[in-house]
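Here come two complexes built around subunit A, the first alongside subunit B, the second alongside subunit C.
For the complex of A and B:
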């Protein structure tokens, strides 16, 4: 229980740090984002004093308020879910834009990351078990894929599978003309069809790391004395591999999974840029393109929040599968 | 115990020589390939810009494939791709080097110093690096770079370094903790050595292989990160890197026009450089973790099994 509490407190601190960073950054930067944003807003429609004040709170301002009061008000505003008005998608509030785009990202990135993790760990386990086999020799090749810049790999795949052979659609999240969003077979099929190519690129570029990590841990674990004992007892090789070696070898990979989630969400920005996928990454890029600071900050907060949440979840799971972490706490 | 030199300087020299021989990685094919490939690319980045012409000079030849005059063809506006590639290599390598140095300095400071000092310093440093680790880096970089209008290559490098040191700080901290509690460090402390001396002379040499592999990671991360950032159109303004080349290739519809000579070389160079660095890293890994080096299956062959027994073992392994 103490372990769980410790973790929760840590993530609250981390979230507070992210919020504060969000508060400080625009105030440190040169120029006045408030004026830029208000002038953009004014092009779209009349700006009420309330809107002006909300934006000033989000982005910092030269108004007379002491910085500490601004900070308290900003915190209150964020915690009640008021993230301001988006310029890019005027007059939609930022929270609405986020709630529309987030499911796309979580669906695509989440599922493909889980697939990549499971496949990579499984293959790494086999490669470590049969060292020197063809699978083991494939690993350097898959790590090559990792050093290939992700977007370049994606572009080449889009070029080959989308333009040259035309197996997959090259952009978008679903067929805009022939299906309408909703829980119907046509729409869901279209979403899966459109998501396959992006998911494939994510799996290809990230699987090597999981394979290598798992393979190396397998190799280390297999040289432990208790594995020799298990072999001497005459246990079946399959049982030694799965319940004796892999059970322990997978622990660092699970811990790494939590950390990788951060990179995954970050990577989604590039993925969505390549495929024009209607997720949160595209929204962030659009926001950057039109100096939409409120939307940028909102999205950064949501990304941080989801990464922190996923990390917390993995940490709690980890304490279940590795009792030593609980004992140490 | 053949010769015991009474001269301390000679003894120390001999000791460092032995130590250096041990820290130098064995010349495996992996290492040779990695160093050779990375060296060739670095040479290209150093010498290339001096040889080729102006990378931004516009030509009325338009988009054209490789020819005698332009070895790697030209871009949409007739710019020499090879010249661009040479300058881009230099730009990307500068980013990699700056970020590598900065992030190793940061992670060494927060990881090693924190772990060695212990107490609340360690708690604070470790909390700080853990918080930095979970805050997603790329979105932060995007937001920071969108506030600044005119970005230099150096600014991008600093921002990348700030968001990337935390992971290796954690690794270094874990290793320092285990080195710190070894007997010889305790002995050094009891004999009254100063803290900075214990850190630099007793602990740091043990961390060199780890630092080297973290530095290699940092360089790969930086080059990939910069390429991603530039590809999104948020990179350094007015400079050539592999990322900006790909950005212009993408925007110039190089893919649709099947102008492979434009978008393949920069990506390939990133991939080759990354692969070379990972090969070097593999070799360093084998020094840090000797278990990865010894082949248990091969070792089993030395246990005096007959060939038939080995075959049955192999068959059992298949099951």
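For the complex of A and C:
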């Protein structure tokens, strides 16, 4: 229990530090929301000099307020769960924007990260177990996919599977023409159909690392004495592979998985840009483009929470699957 | 490459089982027009990216673009594509009193709101009073009291002479129904989910990825609109938009597409219209008295830049050949021809006039230095020009101008910045040269251009924010007086005289150096609808992002046979 408590205190301090950074970073950017909104309006139509005053009043941006007061106010808001009003999507609250976009990102990137991990670790385990089989030859191919820049791989697949052969749709989260969001078969099917191609690109580009890492750990684990002992005891090969070898070999991969889970939110920007996917990454891009402090802070908060949360989860999980981490050296 | 295919369609409810495989199969099958026989739908990409947030509040600065013009209508429509009188929409006549303090508007009869209630002068009066009383919504500086004197007449009484409020009052304000908006608790943050307007379309459904407008059955103009439904979608960038256009998923979008001519040749159903309206210009921080620094504060240097660039080459290299000539008076040479006082100022030179540029620099004391770059009193004629990274045509412009200007001994250093930083530098005056554009004002009257970009009232010293205004920090009492005089009359002859004075000053001082009137390309698909604006008949500004003109186009087009 002491171990768990220590961890939790550490995470609270890390969370506070991250919140403070979230507050400071957006304010170091040039420009302010009012000027940016005005200039954007001016690109779309007439803006009269009086517009500025109206926008200032509208957004309630009081830049004269001391930064310390803003900080205290921000911390108070975060703790009460009020993330403020988005400037880009005025008058929508930040929490609404996040709740509209986050499920898409978690659904697409989260699930494909999990698929990629399970598939990679599973295949890597087999490849390590049966060294020299055809699976060994798959590894260089998958690592090649990983080494190709992600956006390029995605664009090529969009071009081939979306444009030339038209197997998959090229953009969007679902068929906006024929379905409406809700728990109906048409919509869910459309979401799966639209998500397949982006998910495929993510799996293709990340599976190689999992496979390679798992295979090599398997190989070194298989030469341990306890494996020989297990074989000598006459255990079934399948049991040796899963319970004796794989359970030990997977430990480094699990740590890596925690980190990649944490980056699900942050790493979604490129995927969402290529596929016009309606997730949180594109909302972040828009927020940055409009100096939307509140929305940026809100999304950074989500990223922070997901990274810390994933790490905490794995820390705790680790103490379950690897008892050695619990003991104090 | 076969990119021509009917839009992938799927009927809702056809799929009985939840099995993913079955869903996938059904998703692939295309059954155009099934289940909606006779319904015509077009899809518009108006530049919105990412998640769309619901906002159909016509007063809001962040309202969704079709709110103004498609769902709500203004009293008049000002056509930015042509030189023509304001077109009556919800009003049929207007008249100023002599002093310019009272505007009498006659509203249209026989108009009903989309909920069936009658539209009256009371609604108009209510709308303007609401704006005038709510500073957060008053983006046009309206200070007037509106009163409906009878069923069809509204009188706006201004605090001061306000001739120049005319286009923003008549052409840039969506009229809302009093019977609904009088109960709206907070008109500032209202998102108006199911708007009741007079426009040709009403909102059918909304989701953060797309929204659908449907024909207003009560629309006052007989037989219009002809298209049943209009869908707006969000896409990440111009690349995905052009792919969607080719795939037949989009009927209307505005974007510069590389290789447009070839695309059109390969795809018969596509057409385009080019409506140049914005003058791409080099903004200069021109006024040393307000804190500008650098060689560009010398008018001779700005003149030399004006003559030193080869615009024909720039158009070919950066403008795709679609740009049209600008005027040094900063208004459009064709549309605004009647406002150009001296026909010598009608158009910019098309080729580089190297001799003249060099002569100007010599006369001003800029002599050639050892490295080929001119200098004066030890100061090298080296200028930094900023643009936004990713604006590929502007980047090409900078690169080409760097080479062209080296010929006359001027060194140009292009820098690319993030949009925010570029914009920040420009509004604060912390730049030497900056690429931006001028144009598209409430009406085609040059007053708005001259007042906004050239009047001292619109500028502040360097370091303070001159957003959406006179970024060049230009200040000239002659121009200021002429702007004031022109704004105080509705007599166009007097105005033209004053504009001629302004033009004489700014053509000499050149705080903004015109390059060309940039192309504004809009692409259409004629697969679902016909009657789009064309290069022969640009009856409205076709850009898919332009608010009021959108309504006019949507009620003009008809379903394809």
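Operating definition for what follows: the second predicted complex is superposed on the first by the 279 of 329 C-alpha atoms of A that agree within 3 Å, B and C clash if a C-alpha of one lies under 4 Å from a C-alpha of the other, contacts with A are read in each partner's own complex, and residues count from 1 in each chain.
Keep in mind that, in the parts below, a contact is a pair of C-beta atoms (placed from the backbone, for glycine too) under 8 Å apart; a residue touches a chain by one contact, two chains touch by 3 or more.
Not measured: the values here are computed from a predicted model.
Q: Touching A:238, do we find subunit B (first), subunit C (second), both, or neither?
A: first
Q: Touch test for A:41: subunit B only (first), subunit C only (second), both, or neither?
A: second
Q: By the touch definition at the top of the document, which applies to A:282: first (subunit B), second (subunit C), both, or neither?
A: Touch status of A:282: second partner only.
Q: Look at A:311 in the shared chain and tell me whether it touches subunit B only, subunit C only, both, or neither; answer first, second, both or neither.
A: After superposition on chain A, A:311 lies in contact with subunit B alone.
Q: Contacts for A:152 in the overlay, against subunit B (first) and subunit C (second): which applies, first, second, both or neither?
A: first
Q: Have a look at where A:163 lands relative to subunit B and subunit C in the superposition and call it first, second, both or neither.
A: In the superposition, A:163 contacts both subunit B and subunit C.
Q: Pick one for A:14: touches subunit B only (first), subunit C only (second), both, or neither.
A: Once the two structures are laid over each other on A, A:14 reaches subunit B alone.
Q: Could you say whether A:273 touches subunit B, subunit C, both of them, or neither, answering first, second, both or neither?
A: Both partners, subunit B and subunit C.
Q: Where does A:50 make contact in the superposed view: on subunit B (first), on subunit C (second), on both, or on neither?
A: second
Q: Jot down the residues of subunit A that show up as touching in both complexes, subunit B in one and subunit C in the other.
A: In the superposed arrangement, which is not itself an observed complex, subunit A uses residues 29-31, 158, 163, 273, 285, 291 for both subunit B and subunit C.
Q: Show which residues of subunit C lie in contact with subunit A when the two form their complex.
A: Going by the criterion above, the answer is residues 1-3, 5, 7-18, 20, 23-24, 26-28, 41, 43, 49-51, 53-55, 60-62, 65, 135-141, 167-168, 172, 188-191, 205, 207-210, 231, 233-237, 240, 243-244, 246-247, 249, 418-421, 423-425, 427, 440-442, 448, 452, 457-458, 465, 467-469, 545-547.
Q: Under the definition above, what is the set of subunit A residues touching subunit C in their complex?
A: Subunit A reaches subunit C through residues 29-31, 34-39, 41-42, 44-55, 57-58, 86, 88-92, 96-97, 100-101, 158, 162-164, 166-167, 169-181, 184-186, 188-190, 192-193, 196, 272-278, 282-283, 285-286, 289, 291.
Q: Note which residues of subunit A are touching subunit B in the complex, please.
A: 10-11, 13-14, 17-18, 21, 25-26, 29-31, 33, 129-132, 140, 143-144, 146-152, 155-156, 158-159, 163, 216, 219-220, 222-223, 236-238, 259, 262-263, 265-267, 269-270, 273, 284-285, 288, 291, 296-297, 299-300, 303-304, 307-308, 311
Q: State the interface residues of subunit B toward subunit A in the complex, per the touch definition above.
A: Against subunit A, the touching part of subunit B is residues 127, 130-131, 133-140, 142-144, 146-149, 167, 220, 224, 227-228, 231-232, 234, 242-243, 246, 250, 255-256, 263, 266-267, 270-271, 273-275, 277-279, 282, 285, 289, 291-292, 294-298, 316-317, 319.
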